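Following this line, the structures themselves.
Two complexes come next, and they have one chain in common, chain A, joined by chain B in the first and chain C in the second.
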Partner chain A sequence: MRMRSVRTLASALALGASLLASQALAKSDITIAMQLEPPHLDPTSAAAQAIDSVVYTNIFEGLTRFMGDGSVAPGLAESWEISEDGTVYTFKLRDGVTFHDGTVMDAEDVKFSLDRARAEDSANAQKALFAGIETVEVVDPLTVRLTLAEPNGNLLFNLAWGDAVIVAPESIENIKTNPVGTGAFTFGNWVQGDSITLNRNPEYWGDQPVLETATFKFISDPTAAFAAMMAEDVDVFDNFPAPENLPQFEADPRFQVLVGSTEGETILSTNNQQPPFDDIRVRQALAHAIDRQAIIDGAMFGYGTPIGTHFAPHNPAYVDLTGNSAHDPEKAKALLAEAGLPEGFQTTLHLPPPSYARRGGEIIAAQLAEVGITAEIINVEWAQWLESVFKGKDFGLTIVSHTEPMDIGIYARPDYYFQYDSSDFQAVMAMLNSTTDPAERARLMGEAQRLISNDYVNGYLFQLAKLGVARAGVRGLWENAPTAAIDLSAISWDE
Partner chain B sequence: MSRNLILGTALSSLVLLAALISFVWTPYDHAALNIPDKLQAPDTRHWFGTDHFGRDMFSMIMVGARTSIAVALVAVGIGMALGVPLGLTAAAHKGSWLDEVIMRGNDLVFAFPSLVIAILITAVFGAGALNAIIAIGIFNIPVFARITRGAALTLWEREFILAARVSGKGAARISAEHILPNVANLLIVQGTIQFSLGILAEAGLSYVGLGAQPPTPSWGRMLADAQTMVSFAPHLALIPGLAIIVTVLGLNLLGDGLRDWLDPRIRVARA
Partner chain C sequence: MLRYALKRLLSLILSLAVASVVIFTVIEVAPGDPASFMLGVNAQEDTLAALRAELGLDASKVQRYFNWVGGMLAGDFGTSYTYRTPVSQMIADRLWVSLPLALFALTLSTLIAFPAGIYAAARRGKPGDLTVMGATQLGIAVPNFWFAMMLVLIFAINLRWFNAGGFAGWDKGFWTGLHSLTLPAIALALPQAAILARVMRSSLLDILGEDFMRTARAKGLSRRQALWRHGVRNALIPVLTIIGLQFSFLLAGSIIIEQVFYLPGLGRLVFQAISARDLIVVESVVMLLVFAVITVNFLVDLAYAAVDPRLRSRT
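What follows is the complex of A and B.
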């Protein structure tokens, strides 16, 4: 009898212990894999998307921020007022925000960050975001006033970029290796070549995130990515590099697949200053020689949306201009003949590592061969690509995905690597920048899209899809990628 | 003739034949994409199935054999053309400074892991079949130089060489007229083995993207392309993999068989 009660007690204890254990097991950590490792962790001095994926909203926050649906929401600025003429923005900052090192975030930090970003010698990769700002004034510790040279309908959008986050003068020196921001997560540890760990910030001004720690793991090889995911070594793959494997994840109840949109316009970038591409008929011939659907099916296994201009199809201002460059090899041949190249010509096709480029390039080379254009494939690593193609402009054709949001403005820069120089387009962009009326802005954006489509500046292929793979229990992942970001504060596990 | 020799000859000629026929005929255009028809398993229409672009794998394997053979053949040719004279010279001047320079230079090249240096060469001078040939070729030089010198040294002790020397022939002439014909068997056997290593090296370089560039088919690149698709289209990796195995196995058996067949001592022992 006594023996039995002891036994009952013991089993009750065991049950209790296992209940406690299962509660403790409700996961509060996550391992998120990405293909590329960031070169360092300062989003205000480099263009690398991998930096933003790790730090944006997690470590660093800006006055405004992007939400998962692409909308712009208040960040460190709680609210703002815009003057009648649209040239003065007064931001009211949140009270009680501290940096991870304990220093207070106030108007001085905002002034420091913005002045640093727009300074003459600034290393910011997107200086154009701050172009129209004349002065940044501290009104009081929680109020900042931005005065613009002329109205800028994009300002709140521009300030939401990872390049415009608020940093502190106290911690700026070591920002690349020890980033100190205001976000819901603090920087933990970086094992070079392997992973970066972030920890929950208990002093965060907003809601406490569910996750306690998050590890970003870097897996560049698509085969290794597949193996790591299948073995559940990683919980999430932010953007899975091998679209051909997605059906296998879809068929497996252990996983969920999130197919969304990105801001990546994938284009056959054309050196507009290099003969024969300086002839619009040749560029038009290129456009008609390309069969977009074959590229989407062959290189991306069907993931991706055809585009006819440099603009994201999910944007309300998008104009479908794919018909302008429909697949028509006969027309392409006729155009080449008209341009004095009936026998076609030879050029180079530089391909960076991602499969959209390497596989897409093989398909495009075959399609160009059908109209008589011989494109010699040159596979390059990213560093080589940046050096010889992007900086050196030593290329005929290349394939790349332009992943910055709303980046049609690059066509107004004649020194940009594809070297499109059109005063008409530059005028439209200047007008767009100083227009705040939404309807008029949409019209100008449409105009800009038509201009580059009609000038056949580049071969417009498809909008890159975001191919997220995650274990079934993960909630709160962004389906789309309005900017490079992995917003950890929204992520949780199913009970 | 031994079993090795027969089997080796059969497998090697199969590959050689495929490569030769590919010049005049392949079932399909090896470079023609047919994306709606992609990833088909082998059947009567496509004997080896189709790849991720819908290209006919049988045609690609045939043309790929051409690439492999061409690269390996020229590479072995470079190795022989430079290595054999070096080895003969070293043997003819045994113990002299010339012998030292040649053999230590060989040791230097030999000491490097060949594929790593091949990767370096192609990375510096650009990927492509030509650079792959040069890279593989350079590492064949010391192999032939050594084997030639070793075999030649024993010959230099023989009476018929002595007779040639007494009759007033110079070292160069003796090397060409008397030494070379007597080491030829050895070189043929070694050449066959090096040829198979060359095929492997070419596949390895193409696998890491440094060999023949697309659209030229290459077995190594077919394997690399297949990597992420093995789990649902195993034929993509199996077929080029088997092609490499058959070729290398065939050449090795051929080399072994030739050695046995050409070596008088073994021949005597058999008889």
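What follows is the complex of A and C.
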């Protein structure tokens, strides 16, 4: 009797196991969690990164695209030719590409998309990407010609942004709630506040993805994120909000942790026009008062790469300038005394919601106190930060991660919120923009990095890490985040 | 009676008008521009202006206030700045989560509180009473999100009986929907049950000292019979008042629980809308809740008057 029940149990278990195995083999759906929900699904009219995370390359594609390693590859444009003087780009489009509603993607759609993005009343959040484009002409259904006012070495890079994807005039009206693109996945369903589902596009022009459906779930609370992963309610957490929990996932064989890089330079932004920060000695004192590694360890639990300038360390053109602002409180005090502030001074430190800012801010305030600077911490929401710090320029210091790729150009804008005004730097950026030779561009980028580092424009802290957590069997996830994207095309299950 | 009802109605309308002004002002003075929130740090000035015009934010505040109120009177709550869908539809969708959750939690808390309160009252001063009172003290002191985290740890992560959060949707079936609301409902219900049990107990103890209870015993009813037939029934009146208050709290106040369990409810909608400066959504949801509370009060006033004629002549 007992023997039989044991045998029954064993066979039941075996059956269960084989069922599980066959299910695992056939698994073609995935649930991916992210912290923020997109407000809508039009990447060409909002800055919210959550939109790109869902739609970039999955639903919408551009003429060029970012790959997982940050390189720019052909997208809907198969190839292109650049005129001798660098002002005319002729793009050859892929043949046989259709939108999800069945209409053909051709040169007219490209013209429509680019003209819409750069139009006077355009709602594009990155309109500057298209600034140099003078005309967009349809040569034939599969050829588009872009004429620029002056050479722009960044054009192919700019066109890879989610803000430059190709949309169709037929479906533009409802793009925010029913996006129709050319990508490998079609929009399925959106339960607002909960999830968005995408389905495989059987008509896709490129390789068919393995996944049949993908569900994006929105979990903003870090504790809830931990619980959802642990309970295996979700398969992937795109950018896990609680670095302190990662060792637990690393130790658990059910999970894998993917630590990669992002384009986010996390900086102690300094109001360069507000006394005493208009004195370079004070800014240099700030830089030497800061202990980067202590901030990375304390606020990010060790995840993050120290930076000494506003540039991503994984970029080949990066120059390591951390030595320029090594932690040296004595030197900081000496510099303050030299600037006529031997007793230190008081300032404000505005902290937006992300933990890198709130936690990092506490540590920085303590480090500044050591050299006599009293930084009053003011916690703000993003909307407030945009209003008072970014637009109103009413701040002394603030901590923010600048997540746009290759955004060193912001230092050439004297009205940008930290208000750095250097004609040398502006000249270097102007040269960079009109240079297409890669070696010369790298040299100029190095020059630009040195200039802002030597001027101690801001306190350069660390490059934000991308911290992904996934079930052990998930393959094909992007480790790095060259742009906000969760590219579903290469994702598969391996069990 | 009619005069009284009209008076109450007038005061209801006045309250709503005042509430609308207060809500609009408080929300509009908070710093932050919806358009720059949506377009981020690289937006150009002309882009921001175009979006503001599209959202109707370029009109004066007074103009926008009257547009908003006028729209609501016509049943139009406006269109969300960020989601670009009608606010009324968003509220309706979210109510399908929040309302059942509140009812579920209320049912659970009543089911726990009634027996606990009655048991404690019947055993006043004895160990059973002390245990129940100790437990309710704890229940009031511990915040519901802590309960929520413990429940997730035990029942979702370790036992795997429930999902750690999220809402399956009623279209997947009634029981599936209810299943996904179970842990949040328990977390919401426990502290409410603790309060309710204490109210039940003290209300019942008051009743037990009344003359009619002694009469009931004198008639020959046993302690237990007297407790159930006359005690509990009379003790219910204050308890029902508390339940009514708790319901509106549960409906409007489950923001944290909805965050912890990532439920697409009304609370989470308000939370998201506030951080995105989706002013129209915040204003409309808050106004709706105020409307609900004021209307319930109005109905209660009328009911009191119907029961107690003395109220009609006063005020």
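Everything that follows uses one rule, which is that the second predicted complex is superposed on the first by the 470 of 495 C-alpha atoms of A that agree within 3 Å, B and C clash if a C-alpha of one lies under 4 Å from a C-alpha of the other, contacts with A are read in each partner's own complex, and residues count from 1 in each chain.
Rule of thumb we're sticking to: contacts are C-beta pairs under 8 Å (C-beta built on N, C-alpha and C of every residue); 3 or more make two chains touch, one makes a residue touch a chain.
Keep in mind that this is a model prediction, so the values were computed, not measured.
Applying the stated clash criterion after superposition on chain A shows that chain B and chain C can sit side by side. In the superposed model, C is the one of chain B and chain C that contacts more residues of chain A. By the touch criterion defined above, A:A317 reaches neither chain B nor chain C. Residue contacts after overlaying the shared chain place A:G193 against chain C, while chain B stays out of touching range. Shared-chain residue A:E120: touches chain C; no touch with chain B. Residue contacts after overlaying the shared chain place A:V72 against neither chain B nor chain C. Contacts of A:T223 after superposition: both chain B and chain C are touched. After overlaying the two complexes on the shared chain, residue contacts for A:V104 are found with neither chain B nor chain C. Of all Cα pairs linking chain B with chain C in the superposition, the shortest spans 7 Å. Comparing which residues of chain A touch chain B with which touch chain C, the overlap comprises 223.
If you check the complex, the residues on chain A that touch chain B are 222-223, 226, 242, 244-245, 247-248, 294, 297-298, 359, 361-363, 365-367, 369, 376-379.
For chain A in complex with chain C, the touching residues are 37, 39-40, 46-48, 120-128, 176-177, 191-195, 217-221, 223-224, 227-228, 230-231, 233, 353, 381-384, 386-388, 390-391, 404. Against chain A, the residues of chain B that register as touching in their complex are 31-33, 35-36, 38, 52-54, 126-127, 209, 213-215, 227-229, 231-232. Chain contact summary for the complex, chain C toward chain A: residues 30-34, 36-44, 46-47, 50-51, 54, 82-85, 90, 93-94, 149, 152-153, 156-157, 160, 163-167, 169, 259-265, 268-269, 272, 275-277.
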